[in-house]
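A, B, C, D, E and F label the chains in the order they appear, each numbered from 1.
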Amino acid sequence: METLMILLAGILVMAATYLLLSKNFIRVIIGTAILSHAVHLLLMVMGGLKAGNVPLLGENAAPYTDALPQALILTAIVISFAVTAFILVLAYRAYKELGTDDLEKLRGVDDE
Amino acid sequence: MIEMMLIVSLVFFILAIAVSVYRIIRGPSLPDRVLAMDLVGINLLSGIAIFSILLDTTAFFDVILLIGILAFIGTIALTKFIERGAIIEYKRDR
Amino acid sequence: MNISGIGEFLTSLLILIGASMSMISAFGMIRFPDVYTRAHAATKSSTLAVLLTLSGVFLFLWISESFISVRLLLGIAFVFITAPVSGHLVCRAAYRSNVKLAQVSTRDELKNVIQQKE
Amino acid sequence: MNNLVVLPMIIPLLTGIALFFFRSLLWLQRLISIGAMLAASAVSIYILHLIQRDGILRLDFGGWKPPFGILFVADSFAMLLVLAASVITVICLFYAFFSIGKAREKMYVYPFILFLIAGVNGSFLTGDLFNLFVCFEVMLLASYVLISLGGKRVQLRESFKYVAINILSSWLFLVAIAYLYGAVGTLNMAHLSQRIAEVGQGPLLTTISIVFLIVFSLKAGLVLYHWLPGSYRVAPTAIAALFGALLTKVGMYALFRVFTLLFYHQPEITHTLIGIMAGITLIGGSIGAIAYQNVRAIVTYNVIITVGFILIGLAASTTMGYEGAAYYFIHDMVAKALLFLLAGTMIALTGTAAIERMSGLIRNYPLLGWLYFIAILSIVGIPPLSGFIGKMLIGQAAIESHSYLLLALGFLSSLFVLYSLLRIFLNCFWGETIISEENEAPLKRGLLMPSILLAILSVGIGIAPEWLAPYVQDAAHTLANPEEYINAVLED
Amino acid sequence: MKINDVILQTVAKVVVFIILTLGVYIFLAGHHNPGGGFVGGLVLASALVLLYLSFDIKTVHKGLPFDFKLIAALGAFTVVAAGVGALFFNESFLTQTFLSWTWPIVGKMGVSTVTIFEAGVALAVVGVVITIILSISEDV
Amino acid sequence: MLITIIIPFLAALFVPILHKSIFRKLHIGWFVLFVPLVLFMLLARSIPSVSNGRAFVHAFEWIPAYGVNFTIYLDGMSLLFSLLITGIGALVVLYSIFYLSQRESLSHFYVYLLMFMGAMLGLVFSDNVIALYLFWELTSISSFLLIAFWFYRNQSRYGAQKSLLITVSGGIAMLAGFLMLYTMTGSFSIREIASSIHLHANHELFLPALVLILLGAFSKSVQFPFHIWLPDAMEAPTPVSAYLHSATMVKAGLYLVARFTPIFGVEPVWFWTVSIVGLVTLFWGSFSAIRQTDLKALLAYSTISQLGLIMSLLGIGSAVYALDFQPSSLILTSAAFAAFFHLINHSTFKGALFMVIGIIDHTVGTRDVRRLGGLMAMMPLTFTIALIGSFSMAGLPPFNGFLSKEMFFYAMNQVQAFNLFSISTLSALFPILAWIASILTFVYSMIIVFQTFFGRYKPDEFDRPPEEASFGMLIAPAILSILIVGIFFFPNVINRHILQPILLNVYAPLADAMEFDFHISAWHGFNLELFMTLGVVVFGAIVYKLLRHWMKIYGLFPEKWSFDSLYHFILERGEQAARSLTNTYMTGSLRHYFAYIFLFFIAAVGGILIYTGAFSIATNQDAPITVYEWIIAVIMMIAGIAIIFATSRLTAIILNSVLGFSIAGLFVMFRAPDLALTQLVVESVTTALFLLCFYFLPPFKQEEKPARNFQWTHALISISVGLVFIFIALAVNSNPMFDTIAHFFENADELTGSSNIVNAILGDFRAFDTMLEVVVLFLAGIGVYTLVKLKKGREEQNIEDQ
């Protein structure tokens, strides 16, 4: 299963990379979102997917799955949520102010 | 036997979800999509209920209720959007 | 097969029925011509389907593990309350955003009412 | 257990949150924020002394022994940076009082600055890799907000790029953490170091270390600095000064930490790569610094040059190099803050950032001009100003480690620094006075005081580096001997 | 023409309580079961969002006159202060403590300072989510 | 001795204060004058003891941790230089009192001047090379400030910048050399280095250090090709030119070479570089001087040439070391002797000449030789001084220049006779070049005298009518011309008290072996040197007469081929090139920036992956895959790929949320209910935000529709990134090295009273992460609020924010 999940995460990374390279606000943001999905998946896989039990003591018997990556992912999810929310609103505001969602039009010369 | 039936039900639900997804993609109107999404949510919720029997855990019951809530809120939000353009109004004037 | 075995069988049958129903309502989603008719399939039959399934699960757990899940009961109640409302709202939104009725429709009663009001 | 260690981070954090309750009481916000940073600075000094006395301090959060819990580890290197960062923040806050404007003040600019510094200090202190990521995020989120605060068009344009690139680097950081956790199964840096040493830094771990290298390079502006000039230019002066002084330093600190504590077994690959990257950065920064006629642009490219220069110390990976880097870290925080503040003041006074449109400012604002002159000399590394000792030690380290090319690039880059900054001085401060006395914009004393303080600091550090020497030597010693860090963390 | 939202509003009033119950449950369950402050907070926030959806901002503010930024700040403050609290007991920063005892019928029960911490998390989440949503909604 | 260094700086501190209070009416220069005078006397008092071979050492700690100290070392060489600094300094200050009017910003001028004086004294007194470097740079800076004294003039700024850039570059090279010396010997003290350097003569750094330190010396002492800054430095007020740019600062390089001769002399490269560069400079300087029309520029080039002369002498003198003190080689010590003697003489006559030029400039308002002429009658005293100075420079008796010029010829002839290092043809060039250069020197000396004071009187060309300069202005040059003559008649006073001790410093190993007993006399009989001098006069006169005819030769060297224009070209074009280069990659396009990151990622990580051969794959430890996981995985893959081709914003958003919900499903599979719950809610909220923010935007533009415009390069990049990502992950997965630390958390119930391990970790074990996570969330929330509420975009440009 690990291999499959790694492949899946890899494909997500590819898609995310491709999206990041496009010139549209929303596609870039979706790219970062997909990348975060891939990263969470990777964290999960790296913790080992060995058939263990839900990490709730008492409900099931040991062995449990590795709970640490789960905690890390939880933190990462929250952070990625915060970041995504921020960049979304930023992009929204930028669109409103600048009147375009085409990043190639927003280069800005370095010496204006 | 029982497990067989449960799995069959699960497959049914998955098929139902697939069909709804088709409707989401196909449209043609926005309300159609919203409707289909609502359906996806409801079916997903049932699927998870069955799944937790299969996995023999009650850990996902929160998820069930949660999906119900989210589907409901999502549907309302979308309908309001379709109807009035704004989702949350400052002061309802009409 | 003991009592609980039968109970389990019956409840899973309940689940299966629910599942089939939801299947059928999903087909309705494809087959019906416009959003208003699809709303029937989407809200009415599938609400029943969900209710059946969830009750099945609830009973199953009750019988097999004598576990009364309040959350599940809440869930059932919730779906029961909200599903019709969302169906209603979707239809209304569709109508107000001028989604066309299917060709086969014969009457549009609401049209007259709205016109009168305005 | 040493709860003191958490204070440099928690004081700004807590006061930052508390300030939200005093939104309209601007004077109180100012007072509290500056008081908090002063307190943090004082605590940092005290901790620095404690480290001299008792060795490395650590604080296990929640009392959970490493490697299971998170902990803060205060060694001299980290604390020196914490101290410098806190002091710089005090000064930049002071500048902000006079320059940032009511609108931003009401929009919580002080809390955000405090959060920024909390993230920075946390990144310096933490002993846990994942926690480093989280601290980075605190710092970055604050920086995102600060850079876009004001919502001007350029700001929105540049901050989107800044945010997007930093998000990518954050997720890459997580990827690297995931790889490392998968390979070694722990997150505590000391424990990681121990385990890596135990198993030997094989090809796989070396490859993972390169992922870390890329992540921190992005933060530090090493080779991958292209995002930096645009974004640093759009923020208000006080904030740009903080960014220029602190943000790249955090990335560099992480590089130092990771490549001295974790991945120090294969320097022929990793440190060589760092050396090459430092060289490229020096070249790119130097070329960029002379390319533009815009004060802000020149100043930001100077930030990049510094990055390359400090990392020569890491590439050399000798004690001397670490000492030099530590000195240079401190110097550069002071000097870059000074430079940014002065540049900002110039822009505020003349209303333009183009150097060809300024002239003869020294007649109107002599003190400003001489402060700028001091800043130049300090950054170029003319003794007895603060830049010299670090430059000397890094140069020595480069010689010791036979990296003559880096030495040449590093020292040549000082010339570019000199040329680029001198151009501003010659064109803007000297030359025909074009502002008549009547049209002269008044220079608020509040805008000048922070620069004076920073200049005094720079001169002070330059004249008396001996005072810092024990701390710096201890810092370098710890960096050069990772087992000390490990022992301090993992023994009870 | 005024759109009649009676059905929605009536249902919302009922449903909000179900959601709030669930939110509190999830929040409390976090100690032993899936859930916790973050999800609990999100669910509570979704209840509020439902209110905003079915009524309008002004009406809701009459019933809930809070500045959600301050609620978020309060939450964040609680979280950090929960850590600082340990300092007064001469414990390491963020030291949590718990008491648990076994009752005859109910089984094992416990109280823990983590609850304060988690409450802070939940408050912060509610505050933040509502702040974000309201900010955007007011801007459109 | 430290006091001598500190006094000028202290005085500099008082100058601005005094200028505003007591010296409002009186010229502040009178106060400043005390400083060099007092110092000169202080230093002069130590002449007797130093000439007996004593040396004073005082150490003051600065940064002992790194071996950097202010070690004051006063020996013969330092004494000579310090006497020059204070002596000429006193005269220059005296001169400046009359030269600069009260209207100039005198306090700045004297602060810089005193700063320079202190720095220069520090330079010659420092034994520690880092302290030496400190003062070295300080002299560069004060020179910079003095050159740009009239900073509103473009030329002044240009000259100041040029001098600073070149001297600081040299200084930095020198610092690198010092650091290399430290690496070899472990000491920053010149004396300690000198005593232990012979152990490291074969060190790989020895030669680089030598070259680098020479670079420093050459750039400061305006040796070819670094001479270009000196003519531009003439924009400084004339007292400054007289002081810094002829008498003292430019001699710092000579000082350095002399100081380091004991260290590097053993290496023949030192001899060759120093002497040949010196000779070339000598020749080129004198050659270029003739074509100058500005008298100050002419003097600048003459300074260059004279410094080249001294430099070449020092080089020849160093051969004694290279020849390992063979007895026959000791005759070459006379070269070093001549060097220092000429150094003193040069200070006297060049100082005098500068002051004279200053007087002329001051009185008639021009320094252009084409406009000057016939001033002898109006300014007899000035003329006399100029005559003395020029003739001394030309090497004519009865002036001190004659003596040192004779010795210079003598040393040059010795080289030829000696046939150093068996390169006879090259060494034969030495005297010839020296002789030609001397002829040219003669010519430009004559230009100064004859074209200024003789010839046609052209009063229309002057800004002001010429008249004899004020008495005060004439004092200083007069004193110098008295010295010029005085030294000619009593050279041995200087010889015994000052020059002999220096030779002991330069040739320390010889101190016991031999007595330096040079006797300077004007008359040596009819020897080769005398004939050379006669030849110089004869040919010089002819050349001067035919000046107009052969001036065409300069046309062969067009302006744009000079080093001067090379410097200009480099700066000008460098800036342009830098700009265009930087603009090529700093495009401001986010897409490019991302591409850099990804390409670097592929190159670095992928490269190392392949280079180290880290890749491995083992699937045998994998958990089995169930059908549900397949389903979700396939859905995700499809969604992931489909999102690339999505043509509408809504589709992209929905597909993204499909991915998010599927991840939640995967979390269910992976037995992570907490995660599933959180992911579910978060994904819903995120989707809602996406819709809120972006539904209103116009549809994707046509060119953005990737289905029609699939970017193959982007696809290639993304596939490579993905592959690198996958390969490392697979390698990590197949090489588990340790168990994770997770087993500890399974005791969560006892430790924290929580049976949900994940929540125990979040709330207790790693509560700090959670705390900061909340802060992050909080920040994002408030950030969104500020973003929406604070809109400055439409306001006018706020200056502060640029």
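Rule of thumb we're sticking to: contacts are C-beta pairs under 8 Å (C-beta built on N, C-alpha and C of every residue); 3 or more make two chains touch, one makes a residue touch a chain.
Please read these numbers as outputs of a predicted model, since none were measured by experiment.
If you take chain E and chain F together, the chains in touch with both are A, B, D.
Annotation of chain C and chain F: jointly contacted by B, E, touch as defined at the top. Summarising the inter-chain layout, the chain whose CA centre lies farthest from the centre of chain E is F.
Between the Cα centres of chain C and chain D there is a gap of 59 Å.
For the pair chain A and chain C, the distance between C-alpha centroids works out to 34 Å. Distance between chain C and chain E, defined via averaged C-alpha coordinates, is recorded as 30 Å.
Work out the mean CA point of chain A and of chain E, and you get 25 Å between them. For chain A, the set of residues that touch two or more other chains comprises 20, 25, 28-29, 42, 45-48, 54, 56-59, 68, 72, 74-75, 78-79, 82-83, 85-86, 89-93, 97, 103, 106, 108, 110-111.
Multi-chain contact residues of chain F (touching two or more other chains) are listed as 579, 582-583, 586, 588, 590, 594, 673-674, 676-678, 681-682, 685, 688-689, 692-693, 725, 729, 732-733, 736, 740-741, 745, 755-756, 762, 764-770, 773, 775-784, 787-789, 791, 793. Residue positions of chain B touching 2 or more other chains, listed in rising order: 57-60, 62, 65-66, 69-70, 72-73, 76-77, 80, 83, 87. Taken in their complex, chain F has these residues touching chain A: 579, 582-583, 586-591, 594-595, 598, 617, 619, 621-625, 629-630, 633, 636-637, 640-641, 643-644, 649, 652-653, 656, 659-660, 663, 666-667, 670-675, 678-679, 682, 685-686, 689-690, 693-694, 697-698, 700-701, 704, 706, 711, 714-715, 717-719, 721-723, 725-726, 729-730, 732-733, 736, 740-742, 745-746, 748-749, 755-758, 761-762, 765-766, 769-770, 773, 776-777, 779-781, 783-784, 787-788, 791, 793-794. In the complex of the two chains, the chain E residues touching chain B come out as 1-3, 8, 15, 19, 22, 25-26, 29, 33-35, 39, 43, 46, 49-50, 52-59, 133-134, 137-138, 140. Of all residues in chain F, those touching chain E in their complex are 673-674, 676-678, 681-682, 685, 688-689, 692-693, 696, 752-756, 759, 762-764, 767-768, 770-771, 774-775, 777-778, 780-782, 784-785, 787-789. The part of chain D that touches chain E in the complex is made up of residues 1, 3, 6, 10, 13-14, 17-18, 20-21, 59-63. Of all the residues in chain C, the ones that touch chain E in their complex are 71, 74, 77-78, 81-82, 85, 88-89, 96, 114, 117-118.
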